[in-house]
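Below you'll find the structure I mean.
Naming follows writing order (A, B, C and D), and every chain is counted from residue 1.
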Amino acid sequence: MVGRRCYAVVVGVALTVLLAGCVGPTVTDAGYRNKVGDTARQISSSIASARLAVQLDLDGRMAFALTDQTVSDAESDADSAATALASRQPPTDSALKLYQRASRPIQDAVDALRALRIAVRRGDSAVIRAALAGLDAPQHGMDDLRTAASGG
Amino acid sequence: MKADSELSADEMLLDRQILDVDGAAIGKIDDLELTEPEDGGAPVLTAFLCGPTALGPRIGGRLGLWWAAIGRRLRPTDEAYPNRIPIGEVDCVDRAQVRLTVSRDALDADRFRDWTRDHIIGRIPGAG
Amino acid sequence: MSRLFKMALGVMTAIGGFVDIGNLVTSGITGARFGMALTWAIVLGTMGMTLYGEMAGRVAAVARRPVFHIVRERLGVRTGMANLAAFLLLSGLMLAAELGGVALVLQLVTGVNYLVWVPVAAAVTWLIVWRVSFSVMENLFGLLGLCLVVFVVALFVLPTDWGALWHGATHPWVPPDQGHPMYFFYAVSLFGACLTPFQVVFFSSGGREEHWTTKSLPEMRLNALVGFPLGGLLSIAIMAAAVVVLKPAGVDVSHLGQVALPVAQALGPVGLALALVGFMAAVMAAAAECALSMGYAVAQYLGWGWGKDRLPRDAPRFHLVCLVAVLGATALVLTSVDPVTVTVLSVVLGAAAIPLTYFPVLVVANDGDYMGSHVNGRTLNALASVFLVIMVVTSIVTVPLLFFTKAGR
Amino acid sequence: MRATDLLGAVVYDSEGVPVGAVRDLRLTAGGPPVPDSGRPAYRLSTLECGPVGVAHRLGYGHRPMSGPWPLTVLLRMLVRRSVLVDWADVTGVHGNRIDISRRRTELRGAVRDGS
């Protein structure tokens, strides 16, 4: 009986630690930098994914709802990554500076993906091409941000 | 009963699948009934016991009590003693299987199965 | 002729049946992130699956005992029950992942949100469990699952640098931009995706459903020794396709649809259609197998009648368990938890639970009383022991890895 | 009496020293007729007692196990410490305690050497 109770306590503690690990706050400067880098990486991947799907669609190699789905997913992933970062409190002054440096390009990227999604839904290939070209600048922005977050 | 001249309870009997005369599954040997004979000698094997009221005590703890209680509710008379399969109805016991001389329907061993069939599965279209 | 046909059919369905949502998702993710560096995990997992499947199949054919008979017989009532509970929990998670996978594929085809398709997927899964005969289920879905061969075709059409792929597979170093915990977390996920306990429970119980005897051993061995490795090869092809197309583009896979993009690039709409049919068949079959394996496990542990070769009213409790499993998993998916996350979680936790069922099967495969001349040979035992160690190590490191990598994010 | 009342009970020898827990019951043919059927019964003849039950349960006691290697050696070693107690020597069963009339040293080993 004692053994069983012990077991329950151990499982409880393990679960708590596990859950805490999943949503734990970033308290250090380095942790925050990491978070910014991760966000940039996620958004960059979303842009790449949407770009690939739309390019294939323009080449007539896609079918069904896959293009639409991939672009929508990319937009919502980027949006939720941006929101997740914005909800973190920057722990230090330099972290705050990094956030201020990051928020503009991140918002641009989300906006560009949104524009692409709207264009894809409307189905006008000229507009789609324009929206696709509009991804280039945010892509560079994310690359720069990753460098900034990992470097000094 | 066709079997070796020596059986071991844990190694050959307990937790083995019981099949009826047609090869249909009846349950596991959840416990063995040993009866002390009137001549006062060593206990003899008189029956296989099966069902939740035999398994419950082996699970132990609160889960075991709960298991046995559910089993008791399923018995017609709220009886705590498990289903008996008298040793006389056992056809053979060997390493491969435990088989009976009677059919599943003659045993009335499994009210839970009947209840599930009559109240849930039998009511779904296509149950056969 | 008919025997040859049957054998070929068996192998083909084993290939199609090997791949499920776990393989699709983990191969896609790891290919895009790590290149071919984790190929070894698929190879290891497939070898383990082949070994385990062959032993379980042999025990089912010779000793006439499917997996959960053995679990209770050899581990006893209490340990056996803990084992059963773990199996049900993990298979339930896996079933939720498969149902979510079916719904996601339907979303990709129709554009309608996957949550709408979840009840449909659940209903079809249950109907397969309820009425479709065992051989129709295996053969139909197994063959449709072979559509996934388009991934292999795609590799030949794409400008694939085979030398680079081979170099990546034979130089399994951790990529500089990824940490060790992440690398090993995904290695565990691939291992667990190939070596799924529910597939072994299904394989061995299916053997009893088809009344295997010692005479069926060659057929069973062919399925396990040829079919499973070819299934593993298919998983590697899916990974390689992601390496060729998604990795250079910088796409990090987080949705099922992204896994199909390489095929679209190589083969256009027709290839894409075939890939989606393959996804659908593989995941649908896995969902039904998963639900059935939960029914098999409970019925075998408690000694109830089970099987698809009899009418539901003759095995009512078995069908009740399957029904409850499908309903429970459906409820889980309907909470709108991300199916891809559920998939990764279930293959990783599944990897941790492998020794629970593998160990008793290994013991019984050595029991001369049951197996006669068909006991494990020396070489097989040596290999099986090595795998037991690998599995135990895997299950020890899994939970810490899950914690450190925050489930691979 | 049920089999599981005896299984797991601890056996004490004539000097009160614990011998081990009951791991298995051996039943021998040729007992008196059973009331149900009138056929001769299997009679409880021997208790197999030992410190560790796992090895026995897995089959490494008496079954012809062909491997796997490290387990065979390890588990056989555990089983070798088991002893046999004749039911005739049992003087009393009190709940989870079984008393016998012999000393520990007089008991036979459960596994014959060489098997």
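Just so we're on the same page, contacts are C-beta pairs under 8 Å (C-beta built on N, C-alpha and C of every residue); 3 or more make two chains touch, one makes a residue touch a chain.
It should be emphasised that the depicted structure is a prediction, and the values quoted were computed from it without experimental measurement.
Asks: Which of the chain pairs holds the record for C-beta pairs in contact?
Replies: B-D
Asks: Round to the nearest whole Å and give the separation of the Cα centres of chain B and chain C.
Replies: From the centre of chain B to the centre of chain C is 35 Å.
Asks: Measuring from the mean C-alpha position of chain C to the mean C-alpha position of chain D, what distance in angstrom results?
Replies: Once rounded, the distance between the two centres reads 42 Å.
Asks: Nearest whole angstrom, what separates the Cα centre of chain A from the Cα centre of chain D?
Replies: Distance between chain centres, rounded to whole Å: 65 Å.
Asks: From the mean C-alpha coordinate of chain B to that of chain D, what's the distance rounded to whole Å?
Replies: 23
Asks: Considering chain B alone, which of its residues make contact with at least two other chains?
Replies: 58
Asks: Got the chain A residues that touch at least 2 other chains?
Replies: Residues: none.
Asks: Which chain C residues sit where two or more other chains touch them?
Replies: As it turns out, chain C has residues touching two or more other chains at 76, 369.
Asks: Which word fits how the chains touch one another: line, ring, star, complete or other?
Replies: other
Asks: Dump the list of chain pairs that touch, please.
Replies: In this structure, the chains touch in these pairs: A-C, B-C, B-D, C-D.
Asks: Taking the complex as given, what residues does chain B use to touch chain D?
Replies: Against chain D, the touching part of chain B is residues 1, 3, 5-11, 13-14, 31-37, 39, 41-47, 49, 54, 57-58, 86-89.
Asks: Under the stated contact criterion, what part of chain D meets chain B in this complex?
Replies: Per the stated touch rule, the residues are 1-4, 6-7, 23-32, 34-39, 41-45, 48, 56-57, 59, 61-63, 87-88.
Asks: Within their complex, state which residues of chain C touch chain D.
Replies: Within the complex, chain C contacts chain D at residues 74-76, 360, 362-364, 366-369, 375-376, 378, 381-382, 384-385, 388.
Asks: Please give the residue numbers of chain D that touch chain C in the complex, ascending.
Replies: 57-59, 63-71
Asks: Touching chain A in the complex: which residues of chain C?
Replies: Chain C residues touching chain A: 107-111, 245-246, 249-252, 254-255, 257-258, 260-261, 264-265, 267-269, 272-273, 276, 399, 402-404, 406-407.
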